[in-house]
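One chain, chain A, links the two complexes that follow: it is found with chain B in the first and with chain C in the second.
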Partner chain A sequence: MKDNFRQSMKWFHTWVGLIVGWVLFFMFLTGSLGYFYQEITRWMEPERPFIEHNVSNEKLLDTAQIFLSKHAKSVDEFSIYLPNVRDQNLRVAWREPAEPGKKRGRRQSHIVDINTGDKVESRATGGGRLLYRMHYRLHYLSTKVSYWIVGFCSMLMLLAVITGVVIHKKIFTDFFTFRAKKGLLGWLDIHNVLSVIALPFHFMITYSGLLFFLFTYMALSTNLQISDDEYSELRKEIFPRTAQIESKNQAADMLDISTLYQQAKRTWKTDELLSVKVYAANDNNAQVRFVRHETDITYNPEDQVLVNAITGEIIPQIAKKYTVSGMIHNGFFSLHEGQFAGPIARWIYFFTGLIGTAMIASGLILWTTKRKPKQMKKPNGPDFGYRLVEQLNIGTIVGLPIAIATYFYANRLLPVDMAERSAWEANVMFISWAVLLIYPIFRPANKAWREQLQLAALAYMALPLVNILTTDKHLINSLIKQDWGLAAFDMTFLVIGCCFAFSAYKYKALQVNKKVRKPAIRHGSRQVTKQKNKQNEKDERENEGLLNLQQANKGNS
Partner chain B sequence: MEFLVSYFINCFNFSSPRWAVFSRSLVAIFGGYALATSCSLFISQLLLNSVGKYQAIHIGLLFSFLVYACAAMWVFSVLNATKAWIDIIKANVFFAVATWLLMQFTGANS
Partner chain C sequence: MFVLISLCFSVMVLFCLAMKKHREQVLTQTVPNLVVLFFRPLAWLLLLLTAYLSVELFGWSIGLALLFGALTIATLLLTLLLTYRANIVPRLAIALPFMASLSIVPINF
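After this line comes the complex of A and B, so read on.
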């Protein structure tokens, strides 16, 4: 392509990153939010009660069981999720019997009010689940099409990560270089730091993202080698499941779940409990599984206790057997999803995800910054391509966060009894994104950046306020009730708003600075001009040294 | 074979740089995919007797994305698009033949 390998890879990195950069930005941002999808869903269902402190697990289990005996009498398999750090409400879930012609029945999930034992009716909302599903399933498109688009983009991301490493010989030195207020070089350094600081994460998240649909993307290979029956055996070997517990169709009386729980409590010697699953309920073969931690591949048999629900005896469990490659595969899944993460690890995941998002954003901005001086000199104004990239940058990098804020606004402001309400929440989000993508066409780039940054600041800072006006689950109440999950959510909005306000302020300050500096050079004494010129030359030389790796290579080889 | 390929490519006027990039993209996407597949077949035949059929296939697949990435990088680093086509086709043929040979050796029937 170019004269040498590294130079070709530099070209490749630029274009691979650019063509789907905005989709990747969308995937990274919604994916990062996914680490908090339960918390988001809880915020988006404000009818749910506040946290209840100091309720014993036994009482919670009794409440859930009474609820289930009222609402899910004929169901033979159900789960109880106890209040935890991520979701402070009591939740029960089961699957309805399958309708004829369908493989599985509808999944029902309800919040139970701990005090009254009643079902909590919440507004219809897509919640955090819809938001995080967008990062691999997009929206509006059919599942299959989305998977292939996402696969294509992820592949390009993987290429961008690998080529990004290849083109950086001095990856360690570059990491400690930051030339602020130098325009292009500043952006390059930011891009480098953001990339290197979380490089293992970027690689892991991209590669594991591809692994999720390994058998869809590489279907040709498996089709060439094995039949459909063998394929399902292969899947069973890679994703082993615990044996299905079948009912014997002999009715029997179960012990209370809270009584059975004593077995688990005695085994663990603590009163931690995350969830309970009941198999073959009210049958001779009934079993109850108590789980105290989300385990994933860090599978620890001690985190689960299986109890015979009729006799109350502990049933010894057989650990799942993974093949080596299956272990690697599932390990990547766990790392990607981070289900095992506690609060601190979850925040780290979230921030690393945001670093990835910022890395993509800085790369996109770098593309325009590099071409700006040349484009601005053109007699007919900048090229169409340049304008397009610039507008997409403004409309996505600042526009998408605003669009996500409108998703939350829609949740609070759309009428509660509206038809297709949850669909419209997402529609509102995409309509506002579209508007923000179109808006920069009619404004000069500088002003569009600044105005959208200001809008973003306003949108996020006003969210807690709207929350106060529309619901009783607002910041003040949640602080009084010490419901940190909800309170942290509103406070995060404020912090994000402040970040946007700060960048809007900074952006304005930089613009003003440039305007002031130019006349100073013009009217300054000759000597100053000379010095400036020298400085500029020096800058340019540095510039070349870093940007034209070709030259650097020639020097080295 | 190389002659045929270069003749075929010369039919289109690939002298324009845009066509060259387009041509390279085609090799990277489809040739790379073919290479990822043939390489995964090769790896699974190679490991067939030591780790069992299903795991061998799985390991082959786990490597496929990395092979795909390397192929794409290769395509965009060689001198011209014609060479990229030829190289990727060569590599594909190599893995196909090697897989076939291994199959004779391992006695796999698929």
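After this line comes the complex of A and C, so read on.
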């Protein structure tokens, strides 16, 4: 019975994984990139100035306020985002008055040059936001359809995670086991290790991902079981709001924001301001909210300080009221997005995301590896289904990273004044992905693997070069200016390129080795046993190649 | 964060030393059975200590989340080392937490 149960789970795991594997790979990879969406956007807007070192927060606030008094005089609610680890530029944002017939006005967001105090005009780009929104919006599809597809895939992913734990017989005894063997055993170990070490992450990310569109997936339950009033109460409980601050329509002079900031500084006893929001500006009821970097996954009311902008007194805040379920809901969102993470934790998030991506990739490769010996013996060559899976594997696992690279190329190479520029950046990405998906049809599988790996290496290594030729925000300049955010971005491209180059090289070595070894086996059993030891050594070397291929997949971003 | 990762690494090394097949990979000399008995409890103890440190450094919610992240990275590192450079594992398990802890302990020379 037990074995039977395990068998059926195994069957389920295999086929579910195969059906949604490629979509999940896309979701995991673009989602992992999402952890760096601000950094990506900054790289994709090279008109923005370099980092300015040692500028005090007070000075920054003054600069922003002067800018706002010039460009947004009549606006009564605006935000100031200070330079931070993720985005080294000063940014201000406000909402324009609503046009008649519309609920809300257009949101304006501008980068301010700290030195000149002027607006920075950037090229039109989708930036990191467009890239990470793909992982749940699937770009070309309508919102509703893509939410359902994403939900379906995540649900199956969750099931695959659970069945995976069930069919992994020796999860604790094989916890550290990674036998660098060639073929099936090696891939199985890679798949197991990648799944087990990041199991908490896999489970958390899938489960919380499902929670995001709870009301879409569970619409039937919310529609039938509760009335509209109850529903709005439910929403209020899950997304508690702070009371709206209304203007009293009595003009009054506000104190400078930098002066008000001293209050927040004294409360926190540190100088780590992240953003400022001003309500009812230049009104009798004007208030300013100072926000620092999050110090709790769910909610810490002390991360914000609210100050009366006329008198300069601290206004005791009414903390948002979270119920326990609201807190859990919010906690899962926060864990999924990782907004609380500092630089190293962010890299860990990104890396674990890539482990998830690589896990899916290794699962897909495992499917073909397992069927390869049988398929190769067929008189008419492998089945259509097998070839399809293999081609989709090549086109997705190596093709998608290349397509993402072309997204960055498009950003640098498309004419700056092009119409619908940001849409075309994404179009270029998807067109090149389509090409890379079709390409393996016309090539033998191992050649297609190798060629696409080489292409990926070339694409990523050449990106910093193209950056040097097209902009002044390139690696050399960013290193001179000690703008580590930008420099790290270009260097990451180089590292990824090197990973791909290494795996392409190893893949080639592996193929050559195979050809050399074949005649040796025919010599007869005695020689084979003699050579066995040597072959084992060889095997080990080859397996390094497989592993590095895997690592490269991990590093492909 | 480096402290967390290196402590987690030591935790995982202890866990892996408690298993016979990995012990033979890592250590050349044989270890008395009595000592082997201590590896696993020690690992749990160190894990508890690491968890405490993590909570102390980053607070209840973020601390626990980061602990899992650190465990993931540490295990990945250990698994790769076991396969390719097993002999440096014990030295690394001692050296890493020591070096990392220097960064948080204020030393007045």
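Following the convention adopted for this analysis, the second predicted complex is superposed on the first by the 515 of 557 C-alpha atoms of A that agree within 3 Å, B and C clash if a C-alpha of one lies under 4 Å from a C-alpha of the other, contacts with A are read in each partner's own complex, and residues count from 1 in each chain.
The rule is simple: a contact is a pair of C-beta atoms (placed from the backbone, for glycine too) under 8 Å apart; a residue touches a chain by one contact, two chains touch by 3 or more.
This one's a predicted model, so the numbers in the text were calculated from it and none came from an experiment.
Of the two partner chains placed by superposition, only chain C is touched by A:I197; chain B is not.
Shared-chain residue A:G331: touches chain C; no touch with chain B. By the touch criterion defined above, A:L234 reaches chain B but does not reach chain C.
Once chain A of one complex is fitted onto chain A of the other, the partner contacts of A:F351 are limited to chain C, with no touch recorded for chain B.
Legend: residue contacts after superposition of the two complexes on their common chain; A:L455 is shown touching neither chain B nor chain C. When both complexes are overlaid on chain A, the residue A:F340 reaches chain C alone and has no touch with chain B. Chain A has no residue lying at the interface with chain B in one structure and with chain C in the other.
On the side of chain C, the complex with chain A involves touching residues 1-2, 12, 15-16, 19, 21-22, 59-62, 65-66, 68-73, 75-76, 78-80, 82-84. The touching residues of chain B, when paired with chain A in their complex, are 24, 33, 36-37, 40-41, 44, 51-55, 57-62, 64-65, 68-69, 72-73, 76-79, 110.
Taken in their complex, chain A has these residues touching chain B: 1, 5, 8-9, 11-12, 155, 158-159, 162-163, 166, 207, 210-211, 214-215, 218, 220-222, 224-226, 230, 233-234, 237-238, 323-326, 328-329.
Those residues of chain A whose C-beta lies close enough to touch chain C in the complex are 173, 175-180, 193, 197-198, 200-201, 295-298, 331, 335, 340, 342, 344-345, 348-349, 351-352, 355, 544, 547.
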